[in-house]
């Protein structure tokens, strides 16, 4: 009985300890950025970031929140867990990112740092998607705390030391989050366990997942352009917009082609329509020209449907 | 067997051919606008357009997407088709509009052209609404390709040649889209076919349609002001806002008046609350004064409910 | 028969009379603000407000609209009533606020006045939440008309005369709206009536309420910063963001702690996650430092769950 009572306390007590630690670390290290301090004028540029930040925020909480509802049994709680994981990740990544970039000195927060923390939340939520229905909230929490550190170090090495360009975070957010989640899944589960999980989808939850997809899809131009400046920001919006519409057309076409009745498969639509946003992410701010964006988006949509159709199936055979 | 196989290929192959044609035409004709090219400064004004563009984008994909779910049988797929039609229309109207306005020369894309392409998508989706549950995806696709051309020519004649003012596209988007859709419906169907269609609405899909209505309703100030400048943009936001709230009050009042139990009819709410946004569209940027906006919105709401109640019923009688 | 017919007419006729009165009062008193009049330049700052206004608008119509759906029987109609009440309140509070601040002279409307009117709508909708399922549309309408006057006078005394600071309206919007609604409930109902009401929640409507919560939660930084300027606006965004994420973590922790199985209670998540936004509202634009925002949000989340768990239950016992 006593041990059961202790088990039940583990998660809330850990959450409380984490939050109190955050108080202390924020108190010691975090200050407002100059644009959020008195006597600063002519800040119209950063004002715009506020609108872009809100767009990214919608992707994190509505986009991912709904997308996670594709498993029926977890529909409701997955949206709540999505909120909890993001809320912890946002605070933790503000701290970890600050420590890494300022070597233990005090550092500041701004609308740009809010966008960056939301990006870290996106990374954790992508990993969460790979683990949905297979892990307890406690395991997810531990994963999030570790993943944020690995993510920040990986991004620091890539962006700061190697000077890799990845404006929309295709590598450092999407690919990293997906592989991290898959690795955790591999460590935690044997194939037998995996088969017994409640991974079933129904009409209703499929519809919610589609809503999530559409919110992610719509606001992707803001996501890919949020950290770009001036003309590069305009290019990032334009390139992402065109990559996504082309990706969408090719996803529908390929989905119909590989279906034996020529029907569109909603699972393809939910996933592959977003591939264009990921694919264009790395180069969204570059001068790749509108037709280049169309081609990148199209190839991504095509490969995503083909990959989903044939690779997943063949993996299932070999399991 | 072979012909069935061919039939199934028709749609995806057509989609692929269209997308590849788009690659070529974009490669030959489309470049970035100056504000998306390097070494441009002081672009704070167009940054704002980026937020307005995202609002319009939400109307196209969430607003229309949900609104189309009012037919139960098509709930799910209508949201997907909405996405596909918009994705094709956006690319095609970028090209058609560019050809028309630049006589075959190269032309540029910018955030303004993205808004314009989204407007063309709105036009096609309004026509789609009139055909929902009566047409195949292939028919809708062909309709979209033709409609974009007619739309662009119509708009070119109206705005460029005749210098008609229609900032929110009441005539060139809403009225045009509706009549085009109804005309296509008339051409494609005999009354008998029409009766047998699956046009049934249920509680659940009605709720989704209401969500679509509310997303359209909320962001309409951005829609009507997206292409206006400076003080005209402010007026367009204010006038649309006031027209919509007044329209809303009168729609509820009229809906209750014409109902034999004094109840509100959700079908009226879903449709007539938006009439104010359409009605104010043409003159949204003009100095019509706040009370003028209230009156325009109110008359629109009243006529829309009355029209829906009595004209639709009488049409049904004569069929 | 005749009296029944008259009863049915009461609501729509009242709505019509109200709307026509609004025409007259707007015609006599309301003009555009200078930034919405011709020949005004360099208005990039107020352009940003347009994006913030749209965020607040989403909170009013989607956030509150969905949140009100927590009662199953009222799911559908509550979203409609939410729309109607907000549409009336927006117009009425434009007038009442204008009269109060300009002593009967003509006054102007601008994007700032639109935000202020949306805030008044939030107040009325919070009161509506306390009355849901217990009142007729007519009663709600009368309440809204009266509440707007009391709200405006209360705010005028507080902000203008006493110079109280309440940038996010914690006192003048949230607390006022809640207590006004509870007072009306107390006046209108005896305990027996209250017990017989249809206040039941089900899985499905709980999910919609969670969606409402998330829309309110996401856009709260825009809400609390909408009327702040320059660096204060940045601080309001940052402080609200941090208060909300910390509030979220502590809400989940406390909800698990007070649950006998250690589970999260969705009713807590739906309500207490928002407490951080309310708590930080009064001081959101002040230099309270990021760790201060975290602590304020956390305490609010903790007290909200504890209050809901123990105070509500004990109230139920004493009833």
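Note that the chains take the letters A, B and C in the order they are written out, and that residue 1 is the start of every chain.
Note that in this section a contact is a pair of C-beta atoms (placed from the backbone, for glycine too) under 8 Å apart; a residue touches a chain by one contact, two chains touch by 3 or more.
Quick caveat: nothing in here was measured; it's all calculated off a predicted structure.
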Handout entry: Cα superposition of chain B on its sequence copy chain C - rotation in ° rounded to nearest 5
Key = 120
Practice task
Could you label the chain A-chain B interface same or different, taking same to mean over half of its residue numbers are used by both chains?
Solution key: different
Practice task
Determine the centre-to-centre distance between chain A and chain B, using the mean Cα coordinates as centres, and give it in whole Å.
Solution key: 31
Practice task
Indicate the residues of chain A shared as contacts by at least two other chains.
Solution key: 44, 48, 51
Exercise for the section: Would you mind writing out the residues of chain B in touch with chain A in their complex? Expected result: 7-9, 11-13, 15-16, 18-19, 22-24, 26-27, 30-33, 35-41, 43-44, 46-48, 50-51, 53-54, 57-58, 61-62, 65, 75-77, 79-80, 83-84, 86-88, 90-91, 109-111, 114
Exercise for the section: Please name which positions on chain A make contact with chain B in the complex. Expected result: 44-45, 48, 51-52, 55, 203, 206-207, 210-211, 214-215, 217-219, 221-222, 225, 230-231, 233-235, 237-238, 241-242, 244-246, 248-250, 252-254, 256-257, 261-262, 264, 266, 269, 273, 287, 289-291, 294-295, 298
